[in-house]
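Multiple structures are listed underneath, in structure tokens.
Both of the next two complexes hold chain A, though its partner changes from chain B to chain C.
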Partner chain A sequence: MTCGCVIFAYDGDIAYGPQAVLASRLVKKHLDIPVTLITDIATASAIDCSIFESMIYTNVNDSNKRRLAGKEIAFKNGNRHSVYHLTPYDRTLVIDSDFLVFSTRLKEYLNSNYDFMICENMKDLNPSRQGSHVRFDPASLDMLWATNIIFNKTPEVEALFDLVEHIKDNWRWYGSLYKFDTRRFRNDYAFTVACHMMVDFHTALPSPVLFNDQDQLIKVSDQGLSWIVGMENFLIKTTDQDVHMMNKFDLLDNLDKLTELSND
Partner chain B sequence: MIEKRLPSGYFTIALPTKQTDYLRLAYVTALTIKLTQPIGFNSISIATNHVRNAQNLKLAWVFDNIIEYEGPKGMNCRSRAYELTPYEETVFIDGDFLFLNDISHWWPHMQKHDLWCATRPMTFRNTTMEDKYYRKVFVDNNLPDFYSGWLYFKQSRETTKFFDVLRALTDYPETWKDQLIDYRFESIPTDEACALAAKMLDMVEDMSDPKLPFPRFTHMKPKSQGLQLSDDWTEQIPFYYDKEFNVKLGPFTQQDILHYTKKDLISDALINLLEDKVWNKYKDIL
Partner chain C sequence: MDDRLIKALEHANYRQALGIERQRLKDKAKAELVIAFNGGLFTVDRTLIGFITTIKDYGSAVILDDNDYPVEIEDLDAFQARVLGTYFEVTNRYLTDYNQIKKKRTLAKLVDL
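Showing the complex of A and B:
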């Protein structure tokens, strides 16, 4: 059985390609598995692709918009569901390009037998924030996080990915039914609804640390990453911990130093 | 004492008020029992002070017995269930239940005991209810977490003792007022009365097991559902059913029993649907 990691990256207002290169280097260092990049020609031509075992080129036509650190950002996220058919691996880890692996934690889950695993939560280290627990609506579902997914190729898992595509194609209808904000497509929402429709099909992955777009990465060293978190300016240090870093600006600003951490 | 001439079944008391037609609610409960429970586990009887109205219901035969009752009302009437029931073995239920699927497999476990009480309320999300908003008296007084909306009992000495105590608690406030702290009621509610009776008789472990996943029902007390905005859960959670009587609350499919609590939830359309389905199920064997 082959096992590997897949990362999606499409440059928009933010350069996702360099993030994917960093994420890939960290996966290789800590999880020791091959990495495939799903991208487009424009993104690939701007980065050194030699780190990836394979490249898959697909275009995403529909662009999305979000606010990040006070700025309106265009990005492309509409083809995550296609990973089931695109992945070259029997067992696949899918990560966001802003998910940085600093531990061997996910290895254990890659070695497990569960067919479909996804994060139920992220850990927000700011005690004054509500954290990463997102409920669509008081009467609706608790959101799953598609930041990390591990899956096997089985007919049931294929059905789940097909369902995600169906939900994406009928976004407003499902938004009305499940009472979520339909202004932009979110893979998190689509996977949440699909897992619910398949009667809690998933197994939970452990919750990684989340730093949102307001949190600042202020220092990168061999001893770990130092952060200023939230309006209260909490000082937090992470060591040997996987982090979901939503502040892409700081990620790119610190790319060289973070890359040094990915060296053996 | 009513002669116990039926082996086992569900029993409820329906005493309509100006605000709520409890007979109508009990009728719907009976329809759902007849619809979802297999033969041998689908008997239901009621005690009511509106016998004529019950006999005039479209499918009045869904009640295996309609028993005339003119005794105490409110909390006090439930402590009469033991003497009123026509069954050797009874599950006393609240009148605002919808039975959603076959739960007859609960019976063999309950039948090993003299009494058995529900301790597993569920949220509409199909998770075990953890919220204790409505259970302050239970927590403060270390009472077992009983939900008397589902109370199994058979005719026995133990059950007789239990109901004797229950009747004393509901009829004579002085029997419980010096045993409870931090209460704000003048009449003891039935959940508290059942819990206190079991505690006084040292029967808690004989009539409940919080680890057991049944008997359980989805208990739609709004604040225990994590809905802080209103006392009316239907303002926030849509209630759906299809023509097969599959029920959803919001996106969550409901199972086993829905204790809807919201008395005006039941529409004429729902009653018509249930009557049609029950008639189609039984028309060839009646």
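Showing the complex of A and C:
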């Protein structure tokens, strides 16, 4: 049974390619599995692709927009559901390019038999925030995080990914049914609804530490990462913990130092 | 602002960061205590250790994992060794990390600045 990691990266207003290279280096260091990049020619031509065991080129036509650190940015996230057919592995870990693996935790989950695993929560270390708990609506579902997913190739899992595509194609209808904001497509929402339709199909993955787009990475050293967090400017340190770093600008600014941490 | 107030605010900030750091270490240790064995996921805790110790002499057993799925454990000795090994490794590291933050008496030292 082959096992590996798949990362999606399409450059838009932000360079996702270099983030994917860093994420891949960290996966190899801590999880010791091969990594495949799903991307387009333009993104691939701007990075050193030698870190990836294989490259899969697909184009995403529909672009999405979001506000990040006060700026409106365009990005592409519309083909996550295609990973089921694109992955070269029997058991696949899918991660966002801003998901930084600093621990071996996911190894245990890769070694389990569960067919489909997804994050239920993220750990927010800021005590004054609500954390990562997101509910579409008081009368609807708690959101799952498609930031990292582990799946096996089985007919049931294939059905789930087909459902995600169906939900994407009927976005407004499902938005009104499940009462979520349909202004932009979110994989988190689509996977949440698909898992609900498949009746609690998923198993929970461990919660990484979440830093949102307002949080700043202020120091990178082999002792860990130091952050300034939230409106209250809390100072926080993380070591040997997986991190979901939503402040892509900061991630790119610290790319060289973070890359040093990915060296053996 | 007088010196006493500045010191009080500095100490309040330190206490806040110390609380966050303690919580972080606790979360980290809890995450590290989850192991995969024979396809199941098990959180290593005192209950699991006590249970395995009780049934170990049976040689093999079906044990419910964290999600209540039945997992056949054919070699309870090997399972116990893995569980205890993980428990000692993680809790010893937790203790070392915890003792280290207790020694860091300033905010800058606490967050490695």
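Quick notes
We adopt the following convention: the second predicted complex is superposed on the first by the 264 of 264 C-alpha atoms of A that agree within 3 Å, B and C clash if a C-alpha of one lies under 4 Å from a C-alpha of the other, contacts with A are read in each partner's own complex, and residues count from 1 in each chain.
Assume a residue touches a chain if its C-beta (ideal position, glycine included) is under 8 Å from a C-beta of that chain, and two chains touch if they have at least 3 such contacts.
Since this is a predicted model, take the numbers as computed values, not measurements.
Aligning the two structures on chain A places chain B and chain C next to each other without any clash. By the touch criterion stated above, A:H196 is placed in contact with chain B alone, chain C being left untouched.
By the document's definition of touching, of the two partners only chain C reaches A:K219; chain B does not. In the superposed model, A:T154 lies in contact with neither chain B nor chain C.
In the superposition on chain A, contact of A:S140 is made with chain B only, not with chain C. Touching more residues of chain A than its counterpart among chain B and chain C is C. Rounded to the nearest 10, the angle at the Cα centre of chain A between the centres of chain B and chain C is 70 degrees. Once the two complexes are laid over each other on the shared chain, residue contacts for A:S45 go to neither chain B nor chain C. Once the two complexes are laid over each other on the shared chain, residue contacts for A:N170 go to neither chain B nor chain C.
Of the two partner chains placed by superposition, only chain C is touched by A:N113; chain B is not. When both complexes are overlaid on chain A, the residue A:T58 reaches neither chain B nor chain C.
For the pair chain B and chain C, the least inter-chain C-alpha distance in the overlaid model is 15 Å. Shared interface residues of chain A, touching chain B in one complex and chain C in the other, do not exist.
Every residue of chain A that touches chain B in the complex is listed here, in rising order: 137-141, 177-179, 196. Residues 124, 226-227, 229, 236-238, 249-251 of chain B are the ones that touch chain A when the two sit in their complex.
Chain C meets chain A in the complex at residues 13, 16-17, 19-21, 23-24, 27-28, 31-32, 34-36, 39-41, 67, 107, 110-113.
Residue ranges of chain A in contact with chain C, taken from their complex: 103, 105, 108-114, 123, 125-127, 203, 206-207, 209, 218-219, 221, 223-224, 226, 234-238, 240-241.
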